[in-house]
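What follows is chain A paired twice: with chain B in the first complex and chain C in the second.
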Partner chain A sequence: MDEELGQIPGGPPIAAPSPEDPAARRVPRPLVETVLPIAVVAIIVLLLPLFIPSFVSSLVTKMMIFGLFGMSLNLIWGYANIPSFGHAAFFGTGAYTAAVLVTKVGLSSFWLSLLLAIIVTAAVAAILGVPAFRVFGVGAGAANPIYFLLATIAFGELLSRMAVSLRPVTGGTTGLSGIPEAAIGFGAKTNPEQYYYLVFVIGAVCLFLMYRIVNSHYGYGLRGIHDNERRMQALGYNTWLYKYTSWIVAAVFGGVAGVLFAYFGSTLVPNNLAMVTSDISFLLVILGGTTVFFGPLVAAVFYVGVEYVASVYMPQRWPLLFGAMFVIAIMMIPWTKGRYQGLGPEVLRLWRRVVRGSA
Partner chain B sequence: MALLEAQDLSVHFGGLSAVKSVTFGIEPGERLALIGPNGAGKTTLFNLLTGQLAPSGGKVLFKGQDITNASVYARTHLGMARSFQITSLFPYQSTLVNAMIGLQGVEKSRYGFFRPFFKDQALKAAAQELLESTDLWDLRDEIVSSLAYGQQRKLEIALSLASHPELLLLDEPSCGLTTTESADITRRIRDLGSKITVLMIAHDMDLVFGVAERVILLHYGQIACEGTCDEIRSNEMVREIYMGSRKQPGAGG
Partner chain C sequence: MSQALVTGLNGLSYAFILFLLAAGFSLTFGVMGVLNLAHGALYMLGAYIGIQIVNTLDLFWLAIIVAAAALAVLGYALYTLFLKRLYGRVPEQGVLTIGISIIMANVVLWIWGPRAKIMQTPDFLTGVITIGGLSFPIYRLFVCGVGLVVLGLLWYIQDRTRAGAIIRAGMDNKDMTVSLGINYGLVSTLVFLLGVALAGVAGVIGAPITGAYPSMGDNLLLLTLIVVVVGGTGYIQGTMLGALVIGLLDTFGKAYVPQVALFFAWIVFLAVLLVRPSGLIGRKVF
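After this line comes the complex of A and B, so read on.
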């Protein structure tokens, strides 16, 4: 673990414990393994719209939004071992909040709608988190995690029912349409190509924040809970507080993805809060693997790509394909006897092979 | 004043009384061993003392403070720590991370939201000290699930020491170890120093007689007898309950 730190550029040098320590003499893992891939991906994504038709860049926008959505779920699932079948509740809450503010209340600023959506999502998560963790519970001391999972499904369905019944505000079953282009200030509106960059910037900021969180003291507290919650309590950790706060944090990032989605598609339906949408985040985490930070982002690229191809060649077969992806993603780990852990770890392995091969 | 006191402590699961009005105290710096046959309620009593289980009746006092209803983590902050009979570590993390997570449990920094975990040099130095004192420093980069069992048991004890406890509750520290490893654990517990009070469950009589100053025998959830090691060794009831009633011919004293 020492060498992982040693590579951070510009960071303070790691004090070697003693000159005899073999770790001190080990060559720090080269920059090429972390900084280079991030730079390469960022440059490709930034330059891509110049070379591809606009409908493809809108697909990339969707990949980024869904990637953020999947990664926000992985924050609690992969790091704290809190699975949720209702993550769309927060995705949809963020999306609906922003959309209602813009179309019904007449708020014009994108940033203000984003901020208010974050606050509303956090509040909804804070309220739902109390019964989720106090009554149903997951982890040490909980009767059976299945109750927790069923409760998370119920949260999504509950909110989508509310979206149906609050017709004057949410547009009922037909939902909200005609969400305008994001107004990012100075009188500027974003056309789809500019929105691409807006999503990229917000997504990058969210990824950076999430990366900092999972690698912080708090993040390692979550890892400890993932591995052994009873021991964490015996060590002095209030694990309830960790689980509850991580639930809110994951909800906020899911809500941001929802806001980006609302402005992207310009239409929202109650299903954006329900199981149908939760399934997507669930699939992204399974497909991408829970063990790698960016796993769901890789999965989102794959998922959106497959969805697009399917929509062109066999639009009626999409649900079948979606189900097949689910089954295969789940079966792959036992089939390969654990050698395959998801798309994320595979990409990481491939990258390491490329780097080591050329070095 | 006793450091830890159990007053009339009981717990029953349905009709089964696992612990029946147990009363005892442990003085600061003392080494007390809890022995008894399987199913005597030793681990259940431990769980009552550390807060994993809520008692049906009675009180637990720590440093004179009633902690009967305090949570597990609150007790740790007061100065109690425990080890587990079934090895209880963070299997997917390295030994170093195990120690670091263990050490920050009572630090304010544990809620640090943005500060990178691995840049905490003070925490790393403390982890190094902890691991060096248990001879695990050379294994710091190994994933814990790949460690040998004896090494995992050592880490188990290291983690229970990580919160700098005044009272250490050890649940069968030598469980499943070879004789040599067990002797090593015995030596380590003996070397803990008088600042740490030890209450331990043990089946291994070498460990009990090697470490303990006083022994309590638990039988069917009740204290059957207590006394010094010599008293326990020569007690007729202990032989009957614990070591089997049949006297072996020629086995004198």
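After this line comes the complex of A and C, so read on.
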């Protein structure tokens, strides 16, 4: 059986790797490049609160939340080449849903508010996605994504204006404040220290799910759409359905990030739905790079770190730095056919060097 | 009835401010396909320059010229340093210009401070005109007049001049235009400069009405997007139509149904995008 597999019909026999072959003795690649870094990062993140002051661990919480936000946009922008300028619409929808349920409706369970926020976000994305993909469209059939971009801007702005108008529910321009600590069941409330672990667990679950999605048959379909949508259509893929569903999936993960953000900051303003917040999501995608799965997470660590340092030393001039990040990200980061080589690939390269150097 | 008439006149003058604001964006977006999301910030800069000059030197016309010139220089830098290298990459143009507008808003905050500024209306344009018992500020009529002049000028350039013909040809088929030996790069650079300079002119002229504050860029940009998309891209008369529709809708909406007025424009925007993505009287550019 093995001999048959190792043989190409009509070709020379292929030698099976012998145990003495140095390539075979090396640690398997997936172990070095997936399991080990994940374990290292997970252990560092889990043990970090023991060594750092609480304000730093709240920064790490924020990094994780924004990392999830950026990665959720990367699902569509990076994998399927669907650029969106309105991803905060879903971030804010998730956040507002959870916050309204907790502060106005009187729901106490964190998990129930998370679940309902996911459902509402998915529904909003499903509704907005129909015009977005049926009429404007990106990719094949739509020569220029300009109308799609304008429509995504409109989605976020429309929702944020509605949040301003529906004052009794959403608190108008002042927004919602006093969102209580997350009640995770059994009468337990999370203080910031425990919330750190809650965000870590939910973030890890989301990352795992996203990783499975982008490395599934479906995820490869999205990459195929990125590279050549016409060819995917010729191969019999319903590319519209792929794009539409990936939009909803990305929205749901963005919504989860929003829920985590709502409990984290305990305050929401309509700008959390608007372009101002969307800016952050696509900055993370481009800065982190779209060729590596965890790219936006690296960018989120960088972004939140820089924001904190700037808020300490030059709070007035932080927008200068923030704006410069966009310019630098666009002009400096190598770009080929819609794929960015950002901080993510750099970190990956560094990791490989460290591993190879020590091995 | 007279209330409706006053609201209508206010809406009309608002529409002309919107037109001045959107005309420059319409040029760069509709003609060149460049998504310049810093347009609102450029308007803001124009307004600040205008206010500075009028309040120190009290020369209104000089303010307009200086603002236009300064923004043209800035636009040239923006175009040659950045946007030229991002040809055809619309999302990247958008992201880049968002960054530029954030930087500009902070620079303006740095120089002029966070408080809103308002320009003194020039002496020869103050006062009101009374028509049939209704008083109406002269300055608003002046804004309408300038809007009409700019509309006429751009319309003339678009339809009657060689530059306009080149622009229209480039919109239809850029490669073909270039292959005919026409220096399309030069014309498109000039159109971009004209668009940016118009933002500055609009900023100075709109300053006595809209005022100037560092965060105004975002709001104005979003208004611009609505006007340009509703009216239609590629034709200057489309921008005028969009400005009229949005200006009147917004003014009447705020007067009669203030609760929905906030997002009414966005619903119109989405509806137009859904039914006619090229706008009410635009041509299909993309």
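Definition applied: the second predicted complex is superposed on the first by the 322 of 359 C-alpha atoms of A that agree within 3 Å, B and C clash if a C-alpha of one lies under 4 Å from a C-alpha of the other, contacts with A are read in each partner's own complex, and residues count from 1 in each chain.
One rule holds for everything that comes next: a residue touches a chain if its C-beta (ideal position, glycine included) is under 8 Å from a C-beta of that chain, and two chains touch if they have at least 3 such contacts.
Quantities reported herein were computed from a predicted structural model and do not represent experimental measurements.
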Next on the checklist: Once chain A of both complexes is superposed, is A:Pro83 in touch with chain B (first), chain C (second), both, or neither?
Outcome noted: second
Checklist entry - Which holds for A:Arg230: it touches chain B only (first), chain C only (second), both, or neither? => result first
Checklist entry - Which of the two partners, first being chain B and second being chain C, lies in contact with A:Asn215: first, second, both, or neither? => result first
Checklist entry - After lining up the shared chain so the two structures overlap, which partner does A:Thr174 touch, if you call chain B first and chain C second: first, second, both or neither? => result neither
Checklist entry - So, does A:Asn191 touch the first partner chain B, the second partner chain C, both, or neither? => result neither
Next on the checklist: In the overlaid three-chain picture, which partner chain does A:Phe322 touch, first (chain B) or second (chain C), both, or neither?
Outcome noted: second
Item to check | Partner chain(s) touched by A:Ser54 [first = chain B, second = chain C, both, neither] | outcome: neither
Next on the checklist: Please output the residues of chain C touching chain A within their complex, sorted ascending.
Outcome noted: 29, 33, 35, 82, 85-86, 89-92, 94-96, 98-107, 109-110, 218, 222, 225, 229, 259-260, 262-263, 266-267, 269-270, 273-274, 277, 286
Item to check | Interfacial residue positions of chain A with respect to chain B in the complex | outcome: 1-2, 4-5, 11-12, 15, 17, 23, 212-213, 215-221, 223-224, 226-228, 230-239
Checklist outcome for this item: As the complex stands, chain A meets chain C at residues 83, 85, 131, 135-136, 143-147, 149-151, 153-154, 157-158, 161-162, 164-165, 275-276, 279, 282-283, 286, 316-317, 319-320, 322-327, 329-331, 335
Checklist entry - Contact residues on chain B for chain A in the complex? => result 50, 52, 71-73, 76-77, 81-82, 84, 88-94, 96-97, 100-102, 104-106, 109-121, 125, 128, 140-141, 159-160, 162-163
